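Have a look at the structure that comes next, please.
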Amino acid sequence: MSRGFYVGRFQPFHNGHQSVLEQIACSSDEIVIGVGSAQVSHTVANPFTAGERVLMLTRSLADLECPFYVIPIEDVQRNALWVAHVRAMTPPFDTVYSANPLVVQLFTEAGVNVRSPDMHERLTHSGTVIRQRMLDGEPWEHLVPPAVVNVIREVHGVERLRQIARSD
Amino acid sequence: MSRGFYVGRFQPFHNGHQSVLEQIACSSDEIVIGVGSAQVSHTVANPFTAGERVLMLTRSLADLECPFYVIPIEDVQRNALWVAHVRAMTPPFDTVYSANPLVVQLFTEAGVNVRSPDMHERLTHSGTVIRQRMLDGEPWEHLVPPAVVNVIREVHGVERLRQIARSD
Amino acid sequence: MSRGFYVGRFQPFHNGHQSVLEQIACSSDEIVIGVGSAQVSHTVANPFTAGERVLMLTRSLADLECPFYVIPIEDVQRNALWVAHVRAMTPPFDTVYSANPLVVQLFTEAGVNVRSPDMHERLTHSGTVIRQRMLDGEPWEHLVPPAVVNVIREVHGVERLRQIARSD
Amino acid sequence: MSRGFYVGRFQPFHNGHQSVLEQIACSSDEIVIGVGSAQVSHTVANPFTAGERVLMLTRSLADLECPFYVIPIEDVQRNALWVAHVRAMTPPFDTVYSANPLVVQLFTEAGVNVRSPDMHERLTHSGTVIRQRMLDGEPWEHLVPPAVVNVIREVHGVERLRQIARSD
Amino acid sequence: MSRGFYVGRFQPFHNGHQSVLEQIACSSDEIVIGVGSAQVSHTVANPFTAGERVLMLTRSLADLECPFYVIPIEDVQRNALWVAHVRAMTPPFDTVYSANPLVVQLFTEAGVNVRSPDMHERLTHSGTVIRQRMLDGEPWEHLVPPAVVNVIREVHGVERLRQIARSD
Amino acid sequence: MSRGFYVGRFQPFHNGHQSVLEQIACSSDEIVIGVGSAQVSHTVANPFTAGERVLMLTRSLADLECPFYVIPIEDVQRNALWVAHVRAMTPPFDTVYSANPLVVQLFTEAGVNVRSPDMHERLTHSGTVIRQRMLDGEPWEHLVPPAVVNVIREVHGVERLRQIARSD
C-alpha cells in the first residue's frame, strides 16, 4: 500500500489546500495530513486550535476519493528532529508532497521521496490573505470550503482574531 | 450535534477497547478518540508509536457505526493543564467516557459530563497482560482485533518489545 | 469572599500599574497579582528577574487597602493552556482586570468575568518608555514608585540594561 | 536587611512546617517561602495545586512576626540549575533553612549559608502521613493549621485525593 | 574515513568503559563518545555533571590510539527522536558500539550498523557497584582509571554522593 | 591549572574565531569552547548542526598550542540559568573570553572573571556575511579555515542553506 504525506498549518484550511489534496489524492492509496504547529493558537498568525483545524479538514474532505488521516503535529523546536517526530506521530508513508523549502530539505536529507504539487492560485488563497480579509471586514468565505465557514462561525473565529489583533 | 470523547494509551489497542467503543458509539453522533502519551514509544510499557496506534485504531474501527476522529495527544506533564490541552487538540465534545480515576477527576473538576463505561473482561484484555504474553511467547492474537495483529506484524512489534525488555 | 486577578510583566512596575491596582483594590476583598513571563530576564524588553519584580510590587503596595498575593507565572508557550495554568498557580479568583486583548480573549473564552480598568497616562508610563529613558540616560525615577527606584538601584538594573543593549 | 529562604512541597502545609517557620522567623528580617514542585498537582503524592498551597501558607502565617513572601517554584528537572532558578524567582536571600539533603548539597555547592532547623515531631506531621490518614478516613485535621483545614474543604481536597487514588 | 559511536552515562567512567573503548578504538579511524543523560546530576544514580564526566573521559583516554570526540548528549525524553538527536549533536558515524538493548533497537530500526562489544568483568565494574562502594566506605579507586579518581576528589564527589543519599 | 571558556554559535566557524582562539590559547593551560544554540540547525541564520560545528572546530584547531574541549551547549531559554547550565556541561573554568554583551553581563553577575578579546577584522569575517555570500554565490572560502570548507562541502552545506532560504 502506498501512502502520501502532506503538512500545513491550515490557519485556516482553504481552497488552495483543498485543491492540492484533491490533486495528490489520486497518487497514493491513502493520505496522511499533518496539522503543523498544533500547539499554537490564539495568535494573529495562528488563530485556530488544532482541534478546530482537524474539524475543518475532516469535514471539507468528506468526499475525498481516498482514505485519509488528519494528525495534529506539535512543534519540536529542533529542525534536525522534525522528520523523526513526524514519522513517530503518523502511519508510515513513502512520499511527501510539499512546496515548503524547509520541509523539502528536511525530508530530502532523510532520504524520503519528495514531490512538489502545483499550488493553484496560491497568493489569493493564502492563509495570510484570508486572515487579513477577516481583520479588514472584507469577504473571505469564497476562499475556503463551506465546511470551514461553518467551523469558523461556530467558534466565533473572526471575532477571536479581531480581538487578539487589537493593539494593547 | 453531540460528540463523545474516549482516551487511552492503546499499547496496544485490544478487544476491551473495541468493545467499549462499540458500546458508546450508540450514545453520541460522533466520537473523538485520544491516543494518550503520544510521544512515548519503545519502552516495555509503551512499545508502539502514536502513528502505529493510530493505524491500529483506524483499521479496527472501519465498521464503527458513527464517525470518529483519532487524535494523538502528547503529555503535558501537568495534570492541572491536561483538560485544556485535550480540548485544544480535539474537536469540541460534550461527554467523556472513562473509567480512569484521574481522567474522571480532572474532567469532573472542569465541569464536563463524565460517564464510566462497563469494561468487559477487563483483566484478560488489558494491555499489560497482552505485552506480557508477547514477552513470554504465549498467544496474544485472540485478545486484539485482526487489524492490530497485522499492524504489529508489519512493524515487527513483538521483536521490538522483546529486544527492549532484554536486561542490559 | 471575592477575589480579583491582575497580570502584567512589570518590566518594571510603574505608576500606571500602581494606579490601576489602587483603583481595582476597592472592588474585591483580595487581589491576586500575576508576574507574567516570570522565567524571562536579562533581555532589553525584560531586564528584571521575577524575584526582583516581586520585590518591586510587594514594597510598592505596602499601603494597599486590601490583602494581595504576588505570584510569578512562567509562560507555558501555548495560549490555549494559559488560563488553566494561571488558575493552577493562584488562589481562586472570580474577576479578571485586564486591558490586554489576548488576556481578555482567553479569559472570556473560558467563561471568566473580565473588566477593563482605565489605565491613566498610559503612554508616558509604559515600561517601554521607561526602559528607553534608562538607556538614553534621561530621568525615569518619577515614573515609578520610590520602592521600585530602590530595587533597581540595589540590583544595578540600569547598568544591566545598558550592558545588555550594547551591540555585539 | 537579612532574608531567609525555606522551601517545601507543602502537600499539605502542616503543623511541622508552621513550627519551623515560627522558629526561623526570629532569625531574619524577612522570610521567602518557596512552594516547590509548583507545577505538580492531582497526584496521590501531590494532590494540591500551587495556588491552593499558596492559600494554605498565607492564611496560616497571618500572625507570623516577620514579613514573608510565598513564591511558587516550578521544577526545572536539572539539579545543577535549581539554585539559579530559585534565585531568579525570589527576592535575594542570604541564608537557607533546610533539612533536605539535596537542597543542603545544592546550596552548599553554590556557596550559600545553609542551616538545618529542628523539625519537631517530624514523623507524625509529615505530609505522607496526613495524606494516608485522609485516604483511610482517619482524623488528620489536628495535624495542620485550622486555615489549611478550611482550604482543603473548600477545594474538596479529600474527595479529590480519594478519587485519584482509586485503582483504575 | 570510518567513525564509530559509543554512548554511556559514565556515572562514573570506569575500567569496563575504558576496556571497551580500547577494544573498539582499533576498529574505526575516529571514535565519537556520547555522554548520555548529560543534563542529569546530583542524584544517587547520576551524581556527576556532564562537565565532570567529560573531564573523566578526556583525561583517561589521553593515550587512546585514535582521535576521539567527547560530546554531552541531553535526553530528549522521546525514544523515537533519540537517534536523530544523537546524529545532530555528533560528527557523522557509520557504526554504533553498544550492548544496551534500547540503543541497539533504536539504531537498528534507523538502519545503522550496530555491534555489541564484549564488556569484560561487567558486574564488578558497573557504575552501580562503584557508587554503592562509595556510599559504603569501601575501596572503589581500583575500579576506575587514575584520572577519574582525581576528578572525583577535585569535585568532592564521594561527599556529594553521600550527602544526596542521606534520608530526608 | 587555569582554564578559559569561549562560546559562539559558529555558523560557521571562521577566521575571526580562529584568530581569537589562537590569541587566547596562550593565556590559559586549557580552553573550553562552547558551541552555543547547539539544538538549532537548518535555519537561514543557523544552517549547521552542532555535530557539524564540532567537526569544523576540532579539525581547524588541530594545531592549537594548548589542549581544548569542544562542547555543544543547548539553549535553556532562560538567561538567569544560563551560567549554571554552561558550568554543568563543561569542565571547570576560571576565565571567560567574550565580547558578547549578554555573555559578559551574565558571567559578571555570577562573579566570574571576563576578558574581552580583540576580534580582528570582525565585520568581514562575521557569520552573517559568510552566509550571505554563500546565498549570493560569491566566494566565501577564504574567510574560513580550510577544514571548514571541507566539512561544509561534505554535508552539502551551501545547497542546504540556499534551499532553506528559498521563499515558500
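Every chain is named by a letter (A, B, C, D, E and F) in the order it is written, and numbering of its residues begins at 1.
To be clear about the criterion, a contact is a pair of C-beta atoms (placed from the backbone, for glycine too) under 8 Å apart; a residue touches a chain by one contact, two chains touch by 3 or more.
Nothing here was measured: the structure is a model prediction, and the numbers come from that model.
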**Report entry** Lowest number of touching-chain links that must be crossed from subunit D to subunit E
**Finding:** 1
Query raised in the report: If you take the chains that touch subunit A and keep only those that also touch subunit F, what is left?
Result: C, E
**Report entry** Co-neighbours of subunit F and subunit E - touch as defined
**Finding:** A, D
Query raised in the report: For D-E, which listed pair, A-E, A-F or E-F, repeats its interface with over half of the contact pairs the same?
Result: A-F
Query raised in the report: Compared with subunit C, which chain's mean CA position is the farthest off?
Result: E
Requested in this report: Specify the angle of rotation obtained when superposing subunit A on subunit E by their C-alpha atoms, rounded to a multiple of 5 degrees.
Outcome: 180
Query raised in the report: When subunit A meets its copy subunit B, do both sides use mostly the same residue numbers (more than half shared) or mostly different ones?
Result: same
Query raised in the report: Just how far, in Å, is the C-alpha centre of subunit D from the one of subunit A?
Result: 46
**Report entry** Centre-to-centre distance between subunit D and subunit C (centres being mean Cα positions), rounded to whole Å
**Finding:** 26
**Report entry** Centroid spacing, where centroids are CA-atom means, of subunit A and subunit C in whole angstrom
**Finding:** 37
Report summary line: Going by residue number, subunit A touches two or more other chains at 39, 41, 49, 78, 80, 87-88
Requested in this report: Go ahead and list every pair of chains that touch.
Outcome: A-B, A-C, A-E, A-F, B-C, B-D, B-E, C-D, C-F, D-E, D-F, E-F
Query raised in the report: Where on subunit D is subunit B touching in the complex?
Result: 39-43, 49, 160, 163-168
Query raised in the report: Tell me, which parts of subunit F touch subunit C in their complex?
Result: 77-80, 99-102, 104-106, 109
Query - Footprint of subunit D on subunit F - complex, ascending - result: 76, 78, 80-81, 83-85, 87-88
**Report entry** Residues on subunit B engaged by subunit A in the complex (per definition of touch)
**Finding:** 38-39, 41, 49-52, 54-55, 58, 69-72, 74, 87-92
